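The next part holds the structures, each set out as structure tokens.
Both complexes shown next keep chain A, but they swap its partner, so chain B is in the first and chain C is in the second.
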Partner chain A sequence: MEQILATTLRSAAPLVLVATAGVFAFRAGIFHLGLEGLMITGAFTTVAVGEATGSVELGILAAIGVCMALSAVYWWVIGPLGANVIIAGLGLTSIGLGGTAFALGAIFDVRGSIFTDVVLPRPVRGITSGPGVIIAEQSILVWLTPLIVLAAWVVLRRSRFGLRLAAVGEYPFAARTAGVNPSIMRLQALLISGALCALGGAELSVGALHNFTENMTNGRGFIAFVAVIFGVWHPIGAALAGLFFGFADAVGIQSQINITERVPREFVLMIPFVLTIFAVWLGGLWRRRSLEAEAGYAELREPDY
Partner chain B sequence: MTVPSPSGPAPAVTPAVRCRSLGVSFGAVRALHHVSLDLAPGRIHALVGQNGAGKTTLAKVLAGLQAPDSGEVHIAGCKLPSGDVRAARGAGLAMVHQHFSLPPSFTVVEALELTAFRPGGRSVFRRAELRRRWQSAAAEMGGEAVLSTRIRDLPVETRQSLEIVRALATDARVVILDEPTALLTPAAIDTLFERLRRLRDDGVTVLVVLHKLREVAAVADTVSVLRDGELVLGPSEMSELSQGRLSDAIVGPASGADRTVGVEATVDGERQTLLELVGVSSRESAFEPGLRSIDLSVETREIVGIAGVEGNGQRSLVSVIAGLNAVAAGSVLLGGTEMTRAPPARRRLRGLRLVPFDRNSEGISRRAPVWLNQSALRLIGRPGRRLPLISLNQYKRQATEALDHWQVRYDSVSQPAESLSGGNVQRLILSREMAPGLEVLVAAQPTRGLDFSATNFVRRSLQRLRDSGAGVLLVSSDLDELFELSDRLLVMYGGTIVARFEAPYDRRAVGDAMTGALR
Partner chain C sequence: MTGGLQRLGSTIVLVGVSFLLTALVLWISGYGVGDVFSGTVQGAITATGAATSTVRWAIPLLLIGLGVVIGFRAGFFNIGGQGQFYMGACAALVVSLGWRGGPATLVILGATAAAVLAGSAWSLLPGYLRVRFATDEVLTTLMMNFIGALVLQYLTAGPMRNPSGTGQTAASERIPEAFRITDSSGVSATVLLLVGAVIVLVWLLLDRTRFGLTMTLVGRNPTMARWQGIDVSRVGLVTFGLSGALAGLAGAVELHGPGARLVTGFSPEVGFTAVVVALVGLLSVWGTVVAAIFFGGLQSAILFLPIVTDLPPPALVLLHGMVAFLVTVKFRSARRRRAPLAPEALAD
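And now, the complex of A and B:
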């Protein structure tokens, strides 16, 4: 049981960070399907710069910078250039997945995977039994994640900035009448989102593991997006959803170890995805009322972009 | 030796609002052209004009929501940077929008805080603190409970009060209201006008965009008229202006009077029931109560009016008749045939036609060309033809004929339907829906937001339709319209029909029924 909870925290932390990134984008009205690409870019940049400089802090700073730059490009493409948000997001994901695989070969001259010693500190170590196992060997980012979620909640739900952002996402005309420039707000949301994706990616490569592997995010960016929807784009809701998916993942991993003799491995591997479908269905039921209300508002809507 | 004559020019007062040769174009369309206007402080100024005359554009330019191509705006003598909402708000100008401008999922306090312009305020807040800050605003909207209500759950009147409260929250010296009466009941309009007079007495300058001359006469001190983007009259004192002169200014030189168009319904002489609802109920939606055992019938040669404050089930009623909403209990019959579960296309083939509530989002496909919008009905079920092939040229030709017959003004049949003005979109819809085969027409708010001549056109068309034998179900929030057109009048409240009236109508009794006072 302790093992499952420990694994839950480990696999949930990146999901929660990236889901929080998704909440920022969603509140600005952007269906951000580029989360996966930003996440893997963050994972790779941390490892690459960390290896080059020997400093994990510099690695993470570089990852944040690169992801924010990519987010700015994404904003430019969907905003001023007017490209489709979903397609451009998927493009960003492809660029992230392909670009990191290419860079891995070009810079380190290896294929598939690279090991690194430059990893995040782990505040509590050396506990091997009892409930302490849950918090042992967790990277500093796992410890910080609750604080980041709390900060996101304050910014999104208890600040003027959050109100403006929600207005931009829900009804841009309302934001404009309040003297807010929706385009600039979207840029700010995407920049924050990019930084959080970088952290999520870094936790994956140098927090939970010691390596970068091609396609190591393995759909986590999309699952994080699902967590945003499942958590009704509330920072706490999305974090809980991320935690839930992390738990599902942990159960999958554990049962893979324990029960593979009795249940085919493929079924066990399906568990996270089945749970995802179930969660999306549940979230849909929960949201139906609010959607109807929005449909009722359609006639009041002014086309804004 | 000069003695100032008493009738000489009045002492120069700095106008509260001054615009100088404002010009705005959207592509080839000239929305405003050389508009120069001075508004004296502390008065109620009305701005009138037909649809597309540029009223809303002018209001938006003043509020900083639209940057003009040329010209400038001064508030109390200070020039405003163009297209800057914050600067306009900072100069004391606030705007109440025609379409509500607050996000539906926000609570009232959140909405107020969103638009508060208090420099130096803390940017992070606690809920309780917010409620305390806006307590005084709540008093104007009927109690503190309203503060944590979501915008979408507010009644229309409260929503508008909120818009006004938020406009005034920053000590506005100039308030612009864009068609504030469009969604209100007569009583609520009186309350609104009372409020405007109080604002004026406090020294606030009010600019209000209005549609009905009766309302202009009731509230305005001066009136200005826009026509085709140009200021053709005013600001002139109401007391010095005749109704006739005002109407002429609005409509302009006679441009080939709008004749009505003959409509042939295909109903034979005998009186029969065309549309019947028996004990119909439906599920509630998030923004309207469900229907509760509605009984109604529409017969040949009659217009049945549905009155009621908006949001009392009128939308559900129309959706259920059109086949867009499921019926929970009861049945819907068209020409005596059971149609409760029939899809919309079958109902249309049976002679049902629909002028929907929102012409731009439900009545047309906005990006599709004009001719395709006109032809849409012909694309469903063409019995007697075996091959599902159509001739585009034939469709275009037929559409052109129908559009010209209905005097729709357009540049090309291939232009997107959204580029037509409101009145022309409604003509387009009528030209489509009133095609042969019509037996019963459901017209939902057919004249809302239309100008004088377009409104008249639509009303005359409905009467001609009735006289030719068809049945009409007219849903409207305009009591004058209902009284003028309806042969019978039903009042909806809380999802059911609470009263039935026959002409002549008693305005007070109908009004009471609309507010649920009968129950």
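And now, the complex of A and C:
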């Protein structure tokens, strides 16, 4: 049981970080399907720059920089250039997945996977039994994740920026009338979102694991996106959803070891996706409440065909 | 008409820009862009068997892409092609392996029917939720993709697994040779006839029937369509069903054609590439045919390129990403946003 909880924290931390990123994008009214691409870019850049400089801090800073730059380009394409948010977001994901796999070959001359020594510190170590196992061997980012989520909540609910952002997401026309520039607000939200994706990716490659592998995010960016929906676009809700999906993942890993005969791992792994469909369906109430929000991103996502 | 020409022109420019950007990345990474280009031409057209291989890769893109066209025309953002394709392939596999001793023609027809049904069922669930409860179809079709991929993984690693398989990735048993409609090249008269018939039927449906016009109306303005007495829910269900049916059919063709067995996570990009194909094809039937052959050629080339320049397959994923990232950019909208600057420009 302790082992499952420890694995839960380890699986959940990247999900929660990227889900928080998704919350910022959602609050700005952007249906951000590029999270997966930003996440893997963050994972790769941390390893690449970390290996080059020998400093994990520099690696993470570089990852944040690259992901913010990509987010700015994404903003430029979907905002001023009027591209479709969903298609461009999926494109961003492919650019991230393809680009990192390509760069892995071009820079390190390897296919598949590289190991790295430049990793995040783990504050608590050496506990091998009892409840302490849960917190042992967790990277510093796992410890910081709750603080980041709380900070996101404060920013979104209590700051001028957060309230303006909510206005932009829910009704950009009214926000514009009130003197807020929705386009600039979206850019800021996407930049924050990019930075958080970089952290999520970094936790995956140099926190939980010590390597970068092609396609290592394996849909986690989309699961994080699902956590945002599941958590009703609220940072705490999204974090709880991320934690739950991390738990499902941990159970899936355990079931592979212990009870493969009875519950195939694939069915455990389906849980987040099936639940999401149910949640979105049953959330008729949520749906009606968010109809105004719908109008918000309608301005961005309306397909022009 | 000028609108159509303008869109054609801007799409060509945007696809060109995506290619230039990708070429730039390759050039920075030290690949000879000239070599890559000549390798692509060889791998897609001139090398032995290259043209056949182009057609082989164009077929799934075309079938799924036509499904995307149908959905997008009616204004439904069905991005679940990947899952529907997998479910079609899985259904065909279950029928083919479950009825191994049956007469080949019957089994193939049965498996294809099962694939079409499974694909459309996989699409109709999100479709029903969309028309009945206004549940966002982008989200649900995306989720169905992941579930479909896991169903495929379950089948190939579990009940249908080839026990003698030694590879790292799980694969199913092979279907009997008699049940195949092509050799491993993936192209035969049967397949070409089938695909040709599908193209013509979809074209007739979309561009030459009342229903096709109704779909376009619903896509342009559902509110107006409803006020004119069109049953928007019915149109929605039919389009979702047809999209899924085409993707499911693509799955059956893949199994009974070049594949002969299913491998966990095969063709992982095909659903997304089909969306790119449909968009580059300007959501028209013939445009999609051209775009599918074009992207099929690239797919064929990327498998050939390692022989010439050692270019790894992820480069193609990167290219698809670039195209998707830019292809929906609207030049017109950009101009409109700049319009308020005009008075200042005049004042100068």
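By our rule, the second predicted complex is superposed on the first by the 260 of 305 C-alpha atoms of A that agree within 3 Å, B and C clash if a C-alpha of one lies under 4 Å from a C-alpha of the other, contacts with A are read in each partner's own complex, and residues count from 1 in each chain.
Operating definition for what follows: a contact is a pair of C-beta atoms (placed from the backbone, for glycine too) under 8 Å apart; a residue touches a chain by one contact, two chains touch by 3 or more.
Only a predicted model underlies this, so the values are computations on that prediction, with no experimental measurement involved.
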| item | value |
| --- | --- |
| First (chain B), second (chain C), both or neither touched by A:Phe173 | first |
| Most chain A residues touched (candidates chain B, chain C) | C |
| Chain B versus chain C as contact partner of A:Ile4, first or second or both or neither | neither |
| First (chain B), second (chain C), both or neither touched by A:Val154 | first |
| First (chain B), second (chain C), both or neither touched by A:Leu144 | neither |
| Partner chain(s) touched by A:Arg164 [first = chain B, second = chain C, both, neither] | first |
| Contacts of A:Ala72 with chain B and chain C, given as first, second, both or neither | neither |
| On chain A, the residue positions that both chain B and chain C contact, one per complex | none |
| Residues on chain A engaged by chain B in the complex (per definition of touch) | 154, 158-161, 163-164, 166-167, 170-171, 173-179, 289-290, 292-294, 296-302 |
| Residue ranges of chain A in contact with chain C within the complex | 31, 33, 37, 74, 77, 80-84, 86-88, 90-103, 105-106, 111, 214, 219, 222, 226, 229, 264, 266-267, 269-270, 273-274, 276-277, 280-281, 284, 287, 303-305 |
| Sites on chain B touched by chain A in the complex | 63-65, 84-86, 89, 95, 97, 99-106, 110-111, 113-115, 117, 121, 123-127, 152, 285-288, 315, 357-358, 360-362 |
| Partner chain A, residues of chain C touching it in the complex | 25, 29-30, 72-73, 75, 77, 79, 125-126, 129, 133-136, 138-140, 142-144, 146-147, 150-151, 153-154, 157-158, 219, 269, 272, 275, 279, 283, 312, 314-330, 332-334, 337 |
